[in-house]
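Structures incoming, each one as structure tokens.
Next come two complexes, and both contain chain A; in the first it sits with chain B, in the second with chain C.
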Partner chain A sequence: MNRIREVLKNQQFILVLALAVMVAFFSIKNPVFFSIPVFGNILSDWAPVVLMAVGETYVIMSGGIDLSVGSTVGLSGVAAAFVMRSMTTAGQNQNFTILVGTFIAMGVGLLIGLVNAFLITKARMVPFVATLATLGAARGLCIVTTGGGPIGEGPEKAISYSVPWFGPLNTPGIIIIVIVAICGLFMHKAKLGRYTYAIGSNSFAARSAGINVKLHLAKIYVLSGVLSGLAGMYLYIRLGSGSPSSGASGELMAIAAVVIGGASLSGGVGRMSGTVLGSLILTTVTSGLIIIGVAPNWNQVVVAVLIAGAVFIQGFRTWTKD
Partner chain B sequence: MIRTSKKAAALVALAAAGALVAGVTATAARAADKITIAFVMGAESDPFFQAMKVGAEAQAKASGVTLIWQGDPSVYSPATQIPIADQVLAQNPSGLVLIPTDPVALQNTVTKAKTAGIPVVNVDTHVNDLTDVVSFITGDNADGGAKAADAMAKAIGYKKGGSYQVAVGLTSATATTNVARLEGFSKAIAKKYPGIKIVDKAYSSSQPSVANTNVNNWLTKFPKLNGIFAIDGTNADGASAAIQAKGLKGKVALVGYDAYAKNVKLIKSGVITALVAQDPAAEAKLAIKTLVEYIKTGKTATAKNVVIPNFVISASTSAADVAKYTYVQK
Partner chain C sequence: MSNSTTPLYEVRNIGKQYGSVVALDGVNFKIHAGEVIGLVGDNGAGKSTLVKALSGAHQPSSGEILLEGKPVVWKSPHDALEAGIETLYQDSGLAPDLSVSANVFLGREKVVSGILGKLGFLSQKQMDKEAHEDLERVGIAVPASNRSVSQLSGGQRQAVAIGRAVSWARKVIILDEPTNHLGARQAAEVLQIIKRAKERGLGVVFISHTLPHVLQVTDRIVVLRLGRVVADAPTSTFDAEKLLGTITGLIETK
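Right, the complex of A and B next:
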């Protein structure tokens, strides 16, 4: 009984198990599922979700929430698309154009992150309300600037970067894995992570211990914005255009990934590996249901069950503590 | 505190004065026989309505009337449209072009307009009871679906006795345009091309990236897939990116809907096989023309129900027709 308890206390183990069961189930239903191209599809869906979710992990761990990540994805992709379109018309080098686009996307993310940070630390708004405001503003700007349609006519090479060449991985995917790993290290091995845990567990105690809570929170929201900006660029590369609807309800995907990964919305609890697995589970479900031919609307139901299951296991761990 | 309330009072007074002036000018405009046409559409952000706006503005200028163009920025819903329609009617326009987002919920708006002596034309969609509506002008979605089926059969080189696989990308299971297009498509397939099987359907929720995921998985799941019918612009975006990334350009036929400039370009490069284009600008032009005629003479030559035909753009379409049917976007 004790050993079962021990195993159930390990969220990572349960997540890996859940993922393995899913892969086995989908593969039995349709053997096509167990193939490099399908894993490629899953990873290309996973990349933007995990970028949003990693930033969201820091935010949630600090006891806050960032609802603006999905809209940031949309606006950064659109802004990058506008710049890349003019650069392409001007006959600029394609790789250079894509690089500039990436920085523009990150810059837009950075700006939205700064606005969030200002609203939360200076205007003293609660994170839920502050980021709800930027969610609406960013999505509105997407529509105002584009008139609703996607912005294309950028570098033709962009889509070719979304083609997997290293097994199921493409170049942006590999870069994203490295970024996620670095963010994970900072979360668990550096001051940035330790302070985040401290603020999330008890921000008063953190302040008395000499942590500059406001500055630290600002850093976290900016990080979340920049990572979402990168996700916006990733979607541009996938589609070859910046769509104003990109990343719509991405915030819910990100929060779901973090919660499935075992983090607590009240802050101070969670691990980056959980978020990585959580987002992988979400995107595996999406592809799996299409491959085995289940009506797409079931996706929402399955995700809901997963969230409930993850939170239940958290509760189970808490009960067995004593 | 007193100062703020004084300020507030001044503001209120100013606003009231503004409203009064606006009201007076509206009445004056009407008295001076200056015709004002109000155009209440679905969602400003949709390129379909953007193209319609271009047509409406051109016709308003040509007919020498003032145009009030209104609608929700992004949400296609009666909940947001009704208050906008009420505001517009309060300005007392000479005529109203209404694109009802719901056939039942917007009926009352038509009644209100009728009571105020404002003639109404419906475009694209219509209210249930058309008695008080001068004319209903629309594109034909079922016909568009059937034309897409023809374009698909041609693109995959359909031969009698062969067997072909086609998948359909939709926006949602309930949007009326999607339903009508799919129905037209399925019926034409069943009747004329029995060898084509619709192997799968998926929804994009108006997001190209979701459509992209759907198509990526189809291309893996159905290695023999012959074609994809993308029922709206977002599905065409997602599908064209997937086909390019998987190197299947020219191998998997892609028939799309709506002639967004970006997608028309993809016909030239061979990624999209054909696009079913509606003619939103023509719908808007006819609507305004009809209303102006009706306001001036009390009758109109326009039929009670006008269907503007769809047009299929493919690689063999003449440059002039491509230019004519491509949606103008700002």
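Right, the complex of A and C next:
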């Protein structure tokens, strides 16, 4: 019993183990699974999820929640698509167009993050309600501006960036891994993360220690928005167009990844490595089930079981403390 | 040293209203360097409100606050901290999920040198070491600096919270119920820490319901009742019975 306890106390170990078991299981069921193209596909699914989940980790660690990440992905992709379509029509250089598109997508994310920050810190709305409002507003704008269909006719070169060249990884994937690593370092080694944990752990203590809690929360929601904006651009590159429905239910994936990673929704507890592994587990399961021929509708059930399992293990660790 | 006749910290005619409720009504009191003031009163007497005004958590509705004879306005607790005034709040002074040293240095983290330091990267080892030294200096023996506060006992947590406040305070330290929930031995240690803070020339505001502690450690006692100061006199003029009578209003003053 003691040994089981010791092992269960190490969340990261459990997550790695779970991932290894899944890969082994899917590979035995269908050997095609264990291949570079499939891994490449999993990583392409993972990239936008992990971007949203990393921002969500900061928000959840601070004791809040950001429900708007999925809609931000959609709206930022659509906005970038409109700008890139005009630039392409005007005959602009393709790489330059893609670069501008990326900044537009990040800018839209930044704006939504600012709106969230304003609603939460100035209008004193609860994060759940504030970001529920921006979730609806951003998705609504996606439909209104596009009329419901994808916006294409952008730079043809965009989709070529989604081709893997470094094992299963493509260029945007590599950039995203670097961004995730940097966000992890800021979370665990720098003031940004320290204050985030402090606020999530005891916001009164944080405030009385002289931390500008509102400013800090604003930074976190803006960060979450910008990362989701990047995810929007990533999906544009993958699909070659900006779809008004892209990122739909992304917030649930992001929150699930954070929770599976071992974070507490009440804030203060969790690690970025948990989120990275949690999102990898989610996308591996999704792809694996398809490859072994399980009907896609089972996906949601399996994800639900994963979340319940993760929460159970977390509870188990808490009961068995000491 | 400043002129000993100039109070280190002073509130003049402080008032605070929450809507139609008057929490503080024309409160005056002074504290000198190296002096321990006991602030007592029944529940609802206005102690917490006064503490919040002194620590910058709330702005008073009227009156003024003077630090070393100069009027000051605290817009946030940060302003008061910057000016050398530390506050230990009842119960909720620490972030339980953070380590001991992270709590001691919360809001005043040491960063590494160079560009990474500008980005806010922390010098964790140095903070662990200094936190340990700081706590020892104020007379607190605490387990490893890198342990999370949630793993400490209630007494140890309180010790860390007090140690944090005392080691950072440069002028005034405000302790709101620091001996609450502590055993007799731990409470005695806290009183010892207060005496040491006094010897360092700090002004100490000690808020407590435990009247024997107040009588034991303070130089002056300020009694609040229904938002007003009803007594402000040297501790030597009080005994337990008189103090209790003044707090409850059974003994009428003035």
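Here is the rule we go by: the second predicted complex is superposed on the first by the 322 of 322 C-alpha atoms of A that agree within 3 Å, B and C clash if a C-alpha of one lies under 4 Å from a C-alpha of the other, contacts with A are read in each partner's own complex, and residues count from 1 in each chain.
Basically, contacts are C-beta pairs under 8 Å (C-beta built on N, C-alpha and C of every residue); 3 or more make two chains touch, one makes a residue touch a chain.
Model, not experiment: these values are computed from the prediction.
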Superposed partners chain B and chain C on chain A - clash or fit:
fit
Examine A:232 and indicate which partner it touches, taking first as chain B and second as chain C; both and neither are also allowed.
neither
For A:148, using the defined touch cut-off, is the partner it touches chain B, chain C, both, or neither? Pick first, second, both or neither.
first
Touch check for A:194: first (chain B), second (chain C), both, or neither?
second
In the overlay, answer first, second, both or neither for which of chain B and chain C A:44 touches.
first
Classify the contacts of A:244 with the two partner chains as first (chain B alone), second (chain C alone), both, or neither.
first
I'd like to know which partner A:293 touches here: chain B for first, chain C for second, both or neither.
first
State whether chain B or chain C is in contact with more residues of chain A in the superposed arrangement.
B
Just chain B (first), just chain C (second), both, or neither: which does A:127 touch?
neither
Look across chain B and chain C in the superposition and give the shortest C-alpha distance you find, in Å.
18
So which positions on chain A get touched by both chain B and chain C?
none
List of chain A residues in touch with chain C within their complex
185-186, 189-192, 194, 197-198, 200-202, 204-212, 268-269
In the complex, chain A touches chain B at residues 30, 32, 35, 37-38, 41, 44-45, 48, 140, 143-144, 146-153, 159-160, 162-163, 235, 238-241, 243-248, 286-287, 290-291, 293, 296-297
Which residues, counting only chain C, touch chain A once they are in their complex?
55, 57, 76-78, 81-82, 87, 89, 92-98, 102-103, 106-109, 111, 119-122, 124
Provide the residue numbers of chain B that touch chain A in the complex, in ascending order.
43-47, 50, 73-74, 173, 200, 202-203, 205-209, 212-214, 216-221, 233-234, 237-238, 240-241, 244-247, 260-262, 265, 329-330
